[in-house]
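Down below are the structures I want you to see.
In the two complexes that follow, subunit A is the common piece, with subunit B as its partner first and subunit C second.
Coming up: the complex of A and B.
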């Protein structure tokens, strides 16, 4: 019996989104990043074009993340005290495609930084690296609305990736992105219906679809990753079927979720049955990323340089064209 | 070609005897069409009908067993391409490679190490599944001796890796009664390999070279013996992903027989970390066995977690054990929180509580894996139910105080819970993200 290869004919594809803007485009980035455009399921090159590979954004805090475990902090080194130096090292030494900056210190409990101070931090990171930058707040809506608006205005034209627009709080940030030419992260709580609904709401405000990145929320390895995996697959299938409101590329805060897991944090002395802590943590983050990339994630936000290295290599291997 | 339920119904005895477990022959026919039951459940089906239906009613991917008794693993018998369409049934087996160049104390130490790759996860014991002994020595007797030792001392079933039929014959003589996977029949040796596998009634892997060659070889082998596992022979990760995906699609969507068997895949990276990442791709994308060299606990535990997660039935909410969970170094004065036993809810709460750095108890109440509001609405997370669980879960012996924090969304149950349990109830925040601040202001 001859093999008759099954190729799905997909009427739709992922929206193509470019992040960052060069001088000619009104920003100061030396390079931009384009994600999306995939016309097939993840890495099935034989079935459709994959014009852009998934990328890795490395996560930088605007305050020293003292609460992170020592293995992770040591891997990053002293730069965790200086967001600009941290970002620079991510790009130059560890090969980050872009930077994901969390303005955590805006939280009254974590520094109570003013919007002006936050803007300064963003500017310093932009000055330190040439790659596109994502900026998110401290997850307190009232504060983030002020902080992100200030950042959007001060960095007008940079085409930052700004977050988070949520179902309960999207007006201010979407408006700021539209006015000052940035891209917005639309975040939904592990729910594909809310994901779609939010995209409808914010595109109705007038922001074009190619200025939206979906954050479907993710669960980490061992802690609900299967929900994210299936939402990722359903979202991609929807996009391939032509549903424009599910077609934006997705971002996942892999490092944030992976490093929450007990398995990534407890020592081998405490849990001898789980083996070396450093190795375990790195692989916990890497497998969280590789699994979600298999379900269609376009931007993985990561923390550990070694995990980043592994996932970059994985992506490279998977981007080798296949043919059937 | 797949038959419809009505096609199948025409061939059934139409006695409506219910002995197959279905209400009527029509219901049975429909179940057969959906691959939800098997034809052998019908005691009255005619031989002629069996002949016709055999092919159509067989599961799209054959169930294959490797090993015996405690060590047995079942693979294959999958019915969907996407887990959200139903579920993935038989978790990918992790097989760790052992060279037959190891002997004596070295071999014992290796087997001992692999025996230690067992973890406790969400109340279940998980481990690697197979030891793949590879005939690197090229010597038949060495191979046979090694597999004999590994079978005796190892806690897992075996994969026997050799293309040399003499070596395989000797190995099977030694361990054929343990139902190892014979790897592999190739274009060059398939007649002898198939005869050997048949003689010992062991599953046989067939290694081709790309889709066409693999399908052709499987057909030739299947004419001799049908307990098979497929290796498409491709090692480049991207191409292997494409080909293995095709075997899954063609078996499930087209019932293409040559691909109707579970698939075995091999990592190729020269270091364990990259191997583990490659293995994660094969676990997600349809391999029933992944063979790798990585053998450290820290390297295997992420793969076992990924496998459990992806092979969880999406229609059954994943649950944590309903009990008192201790977070940090708790004392008799530590605060007590309660939530439901839906794993996502529970782990979100647990994450925030441990972030608060205040040792605490979390009572995961038995709500059948539903979230806070759903559980409350369906009467599983009411004042009465929580009060009942407070008495039986053992928390009353663990703490001296009687204060409990409930989720903000069910503030309404405060009165009943206090009345029924005698505990003092504090209403916590609505979202788990508010817990660190809440803990800080009340318990720091």
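Coming up: the complex of A and C.
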């Protein structure tokens, strides 16, 4: 007897968001990226359309991340000293769909770069790659407000993805995105209620919902990933029920979280039972990414080229409609 | 919870006079006010005393549609008037209402399908009156569900009204209305939608607003999807927003009342 597959009918779907702008659209990108539009739970192809696959943004710093472990630094090579070359290699050699640039050197303790210098860095990255670019600051509100505003103005029309707008600090960055035609990252602290409230506050300023990407905050594998998973799931269920203030696609800084884990960093000599460190770190990042992609994340921000390769393969497989 | 704003009705003096004098302003002001306060639909009723109800209905529809795009609920016992009204509606409308009598069903359901409209179906017939018990109301609700199937009206476009009586008239009817609601939701999959004429519960009572909003919240717990009610009653709208959150129909956020009124849910 044939098995009858029960299908849920969903009144809502994810908002569709396009990042980057081509010359005709007022920017300089050679390609744009579109995420969202999903009309079902993640990868349940038989229940609804999934028009856009999840994408990988590779993370680039504007200063050499000397504190990263040697395995990761060696995998990236000399380019970590030059953001433009780093970004170029991410796209051309490692297949990044987009670049996620962290202007960390704006931090007084990590270089104290001026907004003008930060703008130059962003311009050099934009010149080096044709894919869409996300730009975030150094996580100090008063500095980021100056830096990101300057970047927004200097790159008007590029439709950069700019972050981070938070419940305590969103006015300046949202205004900059609205005026200069960029998309904003709305970041909430692993809290679905604040996530929704922030989207309400931001849209009340007049920015349309299709110019917002949600960063719900994530935990890495072994460090609270289950909270991130259930928040992703809750948000997706809300979106499918028609909650427009939870329908924006999500981004997660996977590399940042995964490479903080002890398991990604300690040597095999220290913990012989844990196996080869290089492989372990790659897997830690890849599993963190693929788990969160399974919960509905649209943009995974990653660091290690080998982990990127694994997750890209995983995405390809997940995007093949499942046979019943 | 969709509130169907009840205020554009010739039973109210300001609207009755506006119809008589062809004065658009009171009607349009009321359309805007209800919409801004969260009404998902606007009920349009010429009232019993309009000289030419057909013309009055058409005038009300065009007058309202000049200022808002909120969908309309056409409220009349004369189906020819409703049909002429449907032709003017810019968005799919709600037909208010149809008893579970066969001859009415045969007039209303095909018309709803033709104009892509939704139907409020009453769980009563001309012969039954308002039955007291849930057990007696359900077969009538089932007639409406079967009719939707028969005439090709999508089940989500059928809004069944289990009927409520004023609390000082039929206090023991209230619990029967609640039980009827609960069971209506089991009659089909997908289930039909539900609605009530909420203000009925408090006719000729004191503390009308308190009765209305308490009843609304209780009805919501039993499966109410919409209500013809006073959309200008802030406490009522806030109670509806709150019940949506408490029933997990809506993920909580600090602006939950404003969000509900803005209809951005």
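The rule is simple: the second predicted complex is superposed on the first by the 320 of 324 C-alpha atoms of A that agree within 3 Å, B and C clash if a C-alpha of one lies under 4 Å from a C-alpha of the other, contacts with A are read in each partner's own complex, and residues count from 1 in each chain.
The rule is simple: a residue touches a chain if its C-beta (ideal position, glycine included) is under 8 Å from a C-beta of that chain, and two chains touch if they have at least 3 such contacts.
This one's a predicted model, so the numbers in the text were calculated from it and none came from an experiment.
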| message | Do subunit B and subunit C fit side by side on subunit A in the superposed arrangement, or is it a clash? | response | fit
| message | Between subunit B and subunit C, whom does A:197 touch in the aligned arrangement: first, second, both, or neither? | response | second
| request: Determine how wide the angle is at the CA centre of subunit A between the CA centres of subunit C and subunit B, giving a multiple of 10 degrees. | output: 80
| Between subunit B (first) and subunit C (second), which, if any, makes contact with A:242: first, second, both or neither? | second
| said: Going by the contact rule set out at the top, does A:45 touch subunit B (first), subunit C (second), both, or neither? | reply: first
| Who does A:269 touch here: subunit B (first), subunit C (second), both, or neither? | neither
| request: Please indicate which partner A:142 is in contact with in the superposed arrangement: first for subunit B, second for subunit C, both, or neither. | output: neither
| query | Touching A:319, do we find subunit B (first), subunit C (second), both, or neither? | reply | first
| subunit B versus subunit C as contact partner of A:24, first or second or both or neither | neither
| query | Taking the superposition as given, does A:168 touch the first partner, subunit B, the second, subunit C, both, or neither? | reply | neither
| field | subunit B versus subunit C - smallest C-alpha distance in the overlay, whole Å | value | 12
| said: After overlaying the two complexes on chain A, where does the subunit B footprint on subunit A coincide with the subunit C footprint? | reply: 234
| query | Which of the residues in subunit A come into contact with subunit B in the complex? | reply | 1-6, 41, 43-46, 67, 109, 139, 190, 219, 221-227, 229-230, 233-234, 237, 260, 263, 268, 273-277, 279-280, 282-284, 286-287, 290-291, 294-295, 306, 310-311, 313-314, 317-324
| What residues of subunit B sit close enough to touch subunit A in their complex? | 82-84, 118-121, 211-212, 215, 219, 236-239, 241-243, 245-246, 249-250, 253-254, 256-258, 273-274, 276-278, 280-281, 284-285, 296-299, 301-303, 305-306, 308-310, 312, 314, 318, 343-344, 347, 351, 355, 433, 437, 440
| subunit C - residues contacting subunit A, complex | 190, 249-255, 258-259, 264-265
| note | subunit C partner, complex, touching residues on subunit A are 9, 192-194, 196-197, 200-201, 203, 234, 238, 241-246
